[in-house]
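Below: one structure in structure tokens.
Chain lettering (A, B and C) follows the sequence in which the chains are written, and residue indices restart at 1 in each chain.
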Amino acid sequence: MEIALRWAEIAGLIAFAVSGYLEAERRGMDPIGHFALAFVAAFGGGTLRDLLIDRRPLFWIHHHEWVVAVLALSLLLPWFTRRRARPWVERAVQWPDAIGMGLFAATGTALAFDVGLPALIAVMMGVITATFGGVLVDVLCNEVPRIFRRTELHATCAFAGGWAYVGLDALEAPRSLAIGGAAAVAFALRMLAVGRGWRLPALDRGRSGIG
Amino acid sequence: MEIALRWAEIAGLIAFAVSGYLEAERRGMDPIGHFALAFVAAFGGGTLRDLLIDRRPLFWIHHHEWVVAVLALSLLLPWFTRRRARPWVERAVQWPDAIGMGLFAATGTALAFDVGLPALIAVMMGVITATFGGVLVDVLCNEVPRIFRRTELHATCAFAGGWAYVGLDALEAPRSLAIGGAAAVAFALRMLAVGRGWRLPALDRGRSGIG
Amino acid sequence: MEIALRWAEIAGLIAFAVSGYLEAERRGMDPIGHFALAFVAAFGGGTLRDLLIDRRPLFWIHHHEWVVAVLALSLLLPWFTRRRARPWVERAVQWPDAIGMGLFAATGTALAFDVGLPALIAVMMGVITATFGGVLVDVLCNEVPRIFRRTELHATCAFAGGWAYVGLDALEAPRSLAIGGAAAVAFALRMLAVGRGWRLPALDRGRSGIG
């Protein structure tokens, strides 16, 4: 289980970094932008969580080999997205992206639980870990963050995964099982939502002027 | 006085959360966006202040019942803003919003004073507490922050309130009196500014091309 | 050398603050916006670095005379940018801006080295110190950060300067010499890049739809 979680984390971080890179490339950024957005997508969520709960050193400062990996990735990816490989990269990233979302929601919740935070706050930290990197990428790209409007059950799945961890922990499941189970819940819900096009209802009163 | 301040703080936090929610609704966001913007509007300023002066745990982590309250508010508000109640909600929020601005400027200044910061920095922390939530909401909505351009004496009032606290503290006023007095100064100035349409002069040289 | 570095730091901070101010003026902001953007441009990079490596108190909280200086600058500058002096101010700022960039890259790297961070992370902290203020100004002005797209070898020069510090430190150069040398490397590279119009290659596949 431990080893499975380790590989899932690696897959998730790479998927997040690649999605940040693709966003930078789509907007015609240069290598600095490629690296910055890949980095922010991969580590932004965990960094905000650690700043909020005062946990040091930051993940990527402690494991700086990850920064090297993201740097290498952002320099190598232009070769893979050339020609017609780009749609393939975008599709290949979807699964590990959902895995990463589920796993970071679970580990974020677990880390906040470890420092004694109450359940709701811990789950919020899980959601922040899973989603804030994407929010930051959107802000840097001058967009209203997608998870606030695209309504594709992204943060909602992370929220469900966080509560699944809280439940499994209350049932005294071993830590790695609770994390794996919570990640699986978030992942399954996300895949269902993407497959069936589930969305949260959005209000559009201000614009339509009805309200 | 203590009790009055407690109630004023509650009114202010609710008003800030409602104004964040209304902004999210105006832009057609979904429930995730509603909660995120209500949360950021209510706690963004205090969170930045606490990160900058290294004060832990953060207010909303310590009092997590407040997170529950903002979550409930963001889920319930769509029912209240339906039909023709929306303009009423927007008006009802103006007063507690100004109260919150004044109070958070005063408490932010006081908290920074407590950890031994010099007066100017403490006042800046008061201004940050009172205004940064709104700045963050504007950034997340993809707007240039209104307090940098709308010039409605918003940050200016918070600034005046912070210095009022410094003055009252120097006169050895009891803490709750100093906070209440400073909040009243900021609130009164804000109400005057809104009523009379006072604004700071803005330069528009770059655009007009005269400069 | 120490004294030269001190003066270079002052020149750099002023240049950064002026460039933030000019951006605010260009967008027709009011005095609150002028001060906010001057402040963010001057201290944003160092503040993020200190938050990430948990170094307290923050530079501008410790040396709050600098906050007074930036406040005074933002109030006085409108008189200097009146009439036809504005182009002159913009040109006059270029040199100290490049000096500041080089110096903050060097000092940021040195400070991160002091707390025992590995070389790559230390260099990243140098780059953050030198460039993040500008990123924040662009975000607050509702722009995609220029250093991610304008590709004028800005972050790249800071990166080179950071590694120059690492190299000089490995050669056991005295600290002030290592900082001065690293700053000179970044500055010279920047001046070359501006003079010759060097840029990093940018990909524009997403937009052109070829890829």
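Here is the rule we use: a residue touches a chain if its C-beta (ideal position, glycine included) is under 8 Å from a C-beta of that chain, and two chains touch if they have at least 3 such contacts.
Everything quoted here is computed from the prediction, not taken from an experiment.
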Suppose you list every residue number at the chain A-chain C interface; are over half of them used by both chains (same) or under half (different)? different
How big is the rotation relating chain B to chain C when the fit is done on Cα atoms? Please round to the nearest 5 degrees. 120
Distance from the mean Cα position of chain C to that of chain A, given in whole angstrom: 30
Indicate the residues of chain C shared as contacts by at least two other chains. 51, 139, 142
What residues of chain B sit close enough to touch chain A in their complex? 24-33, 36-37, 47, 51, 56-58, 60-61, 64, 67-68, 78, 81-84, 86, 139-142
Using the touch rule from the top, collect the residues of chain A that touch chain B in their complex. 51-54, 117-118, 120-121, 124, 135, 139, 142-145, 147-149, 151, 154-156, 199-207, 211
